[in-house]
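In the two complexes that follow, chain A is the common piece, with chain B as its partner first and chain C second.
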Partner chain A sequence: MFDSFVAGQLAIGASVGLTYALVAIGFTLIYRVLSAVNFAHGEVYTLGAFATLVAVTTLKAPPLAAVPLVIVVGLAAGLGIERVAFRPFRRFTDEASLKSRAVREATLLSSLALGIVGREAMDQVWHGQWLAIPQDKMLNQPVNLGGVMLSAGELAIAGLSLVLLVGLQWLLLRTRVGLEIRAVSSNLVGAQFSGIDINRVVLATFAVGSILGALAGMVVSLAYGSIQSSMGLTVVLKAFVAMVIGGLTSIPGAVVAGVLIGVAEGAASLWVASAWTEMVAYVLLIFTLIFFPRGLFRRRGA
Partner chain B sequence: MLKTLAVLAAVLFAAAAQAQAQTLKFGCYIPLTGPVAQYGKSMLNGFNMALKDFEATGKLKGAKVVIQCEDDQNRADDGINIARKFVEDKDVLAVLGSWASTVTLAAAPIYNTAKIVNMTPISSHPDVTKLGPYVFRQSIIQTAEGAANAEYLMKLGVKRLAMIGLPNDYGKANIALTRKAYEAKGGTVVFEEFIRPDAQDFRATLQKAMRENPDTIYMGLFAPQGSLVAKQARQMGIKIPIYGAAALDSRDFLKLAGDAAEGVRMLLVYNPSTGPKMAEFFKRYEQQFGAPPEPFAANAYLTFTMMLDMVATQMPKVNRESIREGLDKMRDLDTIAGPLKYDPATREWNFRFFPGLIEKGSFNVVK
Partner chain C sequence: MSSLLEIDRLSRHFHGLRAVDEVSFGVNRGELVGLIGPNGAGKTTVFNCIAGTLAPTLGELRFDGARITGFAPERVAALGIARTFQNLRVFPDITVYDNVSVGAIGRAGVSFAGALLPFLERGRTRRIADSTSTALERFGLAAHAGTLAGNLSYGQKKLLEIARALALEPKLLLLDEPAAGLNGNETEALAVLVRDLRDAGLTILLVEHDMPMVMRVCDRIVVLDSGRLIADGAPAQVRADAAVRAAYLGDDS
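And now, the complex of A and B:
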């Protein structure tokens, strides 16, 4: 039963799952701090892809030289999103407002709205066209890894996921900024009373999270080669599902859940047509919510 | 007294204005934003070109033509809302649109009930013209494309076909009708699967297809997905030929698929390589708009030119009903796609399909 065909399907699934995981990292980081979903994250991902395209075509840079531009674009997008869609909801600093679920959940809609505006704006700039990364700039060279054929793009996606995951854990657990982020994340009011500049921490979180989102857009576009203004829409939904399955606040959990979704899609494609694998993520989500209502990887008491 | 005079003057003035210049207003619904916006924009340019060219012929005898294009965003519900608006507007004589079969199939019944002509320049689903006597098509129909695909595939000696399609009205009809015609000619379809249009990794489907040992892969897809499938097939080391639906005839496919487009075969209709008139249209379009068009611009140009030609013969007594009668009475037409014939029984125009092949980054007709 377990032949090379099955292995191939699961490997392709895992590779797709890593793209979900990559996007879920930045998405979960922002949720972890603010307990608010940033639905504009998908557009940051798209912007990262467009920045890559501009770098390799207009500026004629080699693919990896696009990184600084992508980081700048991600940073600007993150700060902009925070300023427009999140900051206004923190203007009341009394305890009741800071703890209010309604205020936090309002940002779900404001970020969604900002995402739509961003998507339509990109649509106007690039005329809704599908654009291609030139073939010689794509990361699609075959790499032979001990008999298993992988593409350079797949390795880049896997490598970047791992680096970002480890880097973030280090940032959160070993640095002062990380300590502040964790403090704000676990008790906003308490953190404020102990002298932490909340706006600064939130801005830092958005900056880091959005840079990660833009980098994800860069690597995925270099691996697959096609870019369009609505490309972030599907991915952000998958990242959202991965985050919920992973336990909402656990970044390693979101990564594992993202890969899990991809592998499950690959496994499902053994029995059903590809068009039906779309529902796999949502079936997994429903099962997780029924049997593990706190997600698969949420720490006790978190 | 003064008031009465004013009203009288206004009425006289209006009557005089009407006698001087008749205004012929057409509606159109096409996707101008969203994932297929560029196709809609190409169509819009095609309509405007047709109008300009027609004004230059002088056949309008001073009448003014207006075409009001609304954005349906490639969504059925928006198409329906636009239809309700156009039906209410008594000045709208006939409506052109849409791009996607799904949108046309949703909106056309509203025009049909309101007894106003809806003519689609693109939508190729076989059910479109069956919706009612007021729904027309001036484009290829999937039934004809399926038969022509089968003929071309048999000529190429394809014995075992793997088919990959889009799970929408267009894709399902394209796969089903091509499959039916191909199997009737003795071919075997060894694999058929519909993909997720918003996914970007189709290797799982390709791997499944290859397990059935096909000798050709058929793609009932548009350029965005078709290019990814072709690219990923070559990346996986799949060497067998790839054959695409006529909808893949798009510059987008060449641009997005790059080297993977080489050797892909498909039928060509609205392509500059099919004839000198079509080539001239593509050249003039590029001169006017600075970039070569998507083939859909040719559909739009051809359809609106035909409509204006027909309406000009009816002037000045043009109304919604006369347009339906006029369109149904047409039989022969000389167009940029060559001479066409109308079959009143099926209410379809017969377009000629040319067997095509992508070589050195361009579409070519195979002799």
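And now, the complex of A and C:
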């Protein structure tokens, strides 16, 4: 039963799942600190892909030389999103407002709105077409991994996910900025009175999270070769589902859940038409919420 | 003795309600001052104005000779005023050690390079580790260093919050009802601890409902009633004050 076609579908599913995971890392990081969903994260991912395209076509750079440009674009996008969609809602600094659901929901909508504006703007600039990364710049060299054929790009996605995941855990658990981030996410008011500048920590979080999002867009565009202004939308929704299934505040949980969703989609494609596999993530979400209402990997005390 | 903290005609209004009305008093260096008054007297509002949670409507606050009126909390903390809360503000999902470390970082400051690559700044890193360990020892929390703060008992959380505040190495410590919710033994231990801190030279402003404790540990007591200062003096003096008796101590004194 476990023939190479099945294995291939599952492997493709896993690599698609890693894409979700990659996007979910930055998305979950921002949620962890602010308890606020940043729906504009998908557009940062799209911007990362477009920056890569510009780098390899207009600037004729080799694929990996796009990294600095992508980092700068991600950084600028992250700081911009924080400034426009989040900072205005932190101007009420009394405790009730800081903890208020209404303020958090307001940022959910403001980031969604900003994401839509960004998506429409990119749609105008690139006319909503699917644009292609030139073949010779793509990471599409085949790699044989124990009988399963993968492309170099898929391996790059897996590798980058792992590096970012480990790097981020190190940043959060082993550095002072990480401790400040954890303190702010644990108790905003307590952190303030321990001398932590909340705005600085929030900016640092958006910077890191958005750079990760843009890098994800870069690797995915180099692996699959096609770019479109709405490409961030489905991915950010899957990342959101992965975050919820993973337990909302657990970054490793979101990564595992992202891969799980991808594999489940791959498995589903064995039985149903591929258009239906889009439903898989949401079905999984419903089942998780019914049977594990706190997600699969909720951290203690969170 | 010189004044470390000066409160000058401080007022804070909430939609016309004068929660604090032209209150003036000072806290001298090395002094342990109690701030008392019946519920709603404005004690916590005064605290919040000093710590930067609330901006005063009128009046001025001076700390160590410099104006701090309306400063943001993290700025006030960086200048050397640490506070604890009546309802706790520990970080429940990080370890006891890291909770205290956060305070120590607030004191040591973070440079960008040092934040990401701690080994670049060994001296500062060691100082943070040292002041964290010292604070943990002092509060008998060293054995729980690796525990998540959320799993501590209520009394231990109270101590942890004071430990975190002290790791900031403040010049002035603001304690907001530290004895609330503690049992007799814990309150006793707390009184000894607060007195020890004062004897070690720390300046403390204490809001507390536990009268025997306040009377016993404080050098001086400031009494508020309905937002106004009605007495300021030594414990015995305040205890004998007719206005204070009428407003607050009432029947049980």
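The rule is short, and it goes like this: the second predicted complex is superposed on the first by the 300 of 302 C-alpha atoms of A that agree within 3 Å, B and C clash if a C-alpha of one lies under 4 Å from a C-alpha of the other, contacts with A are read in each partner's own complex, and residues count from 1 in each chain.
Throughout what follows, a contact is a pair of C-beta atoms (placed from the backbone, for glycine too) under 8 Å apart; a residue touches a chain by one contact, two chains touch by 3 or more.
This structure is a prediction, so every number in the text was calculated from the model and none was measured.
The superposed arrangement places chain B and chain C next to each other on chain A without a clash.
Looking at the shared chain after the overlay, A:A191 reaches chain C, while chain B stays out of its contact range. Of the two partner chains placed by the overlay, neither chain B nor chain C lies in contact with A:R87.
Touching more residues of chain A than its counterpart among chain B and chain C is B.
Centred on chain A, the angle reaching out to chain B and chain C in the chain A superposition, using CA centres, is 140 degrees in steps of 10.
In the superposition on chain A, contact is made by A:G13 with chain B only, not with chain C.
After overlaying the two complexes on the shared chain, residue contacts for A:R176 are found with chain C alone; chain B is out of touch. Our summary of the superposed model lists a minimum C-alpha distance of 37 Å between chain B and chain C. Applying the stated touch rule to the two superposed structures, the chain B and chain C interfaces on chain A have no residue in common. On chain A, the positions that touch chain B within their shared complex are 5, 8-9, 12-13, 15-16, 19, 120, 123, 127-130, 132, 134-135, 140, 142, 149, 151, 220, 224-226, 228, 230-231, 233-234, 265-266, 269, 273-275, 277-278. Contact residues of chain C toward chain A in the complex are 51, 53-54, 72-74, 77-78, 82-83, 85, 89-94, 98-99, 101-103, 105-107, 110, 114-118, 128, 148, 150-151, 164-165, 168.
Looking at the complex, you find that chain B touches chain A at residues 33-38, 41, 167, 193-196, 198-205, 207-208, 211, 223-224, 227-228, 231, 235, 237, 252, 255-256, 258-259.
On the side of chain A, the complex with chain C involves touching residues 93-95, 171, 174-177, 179-180, 182-183, 186-187, 189-198, 299-302.
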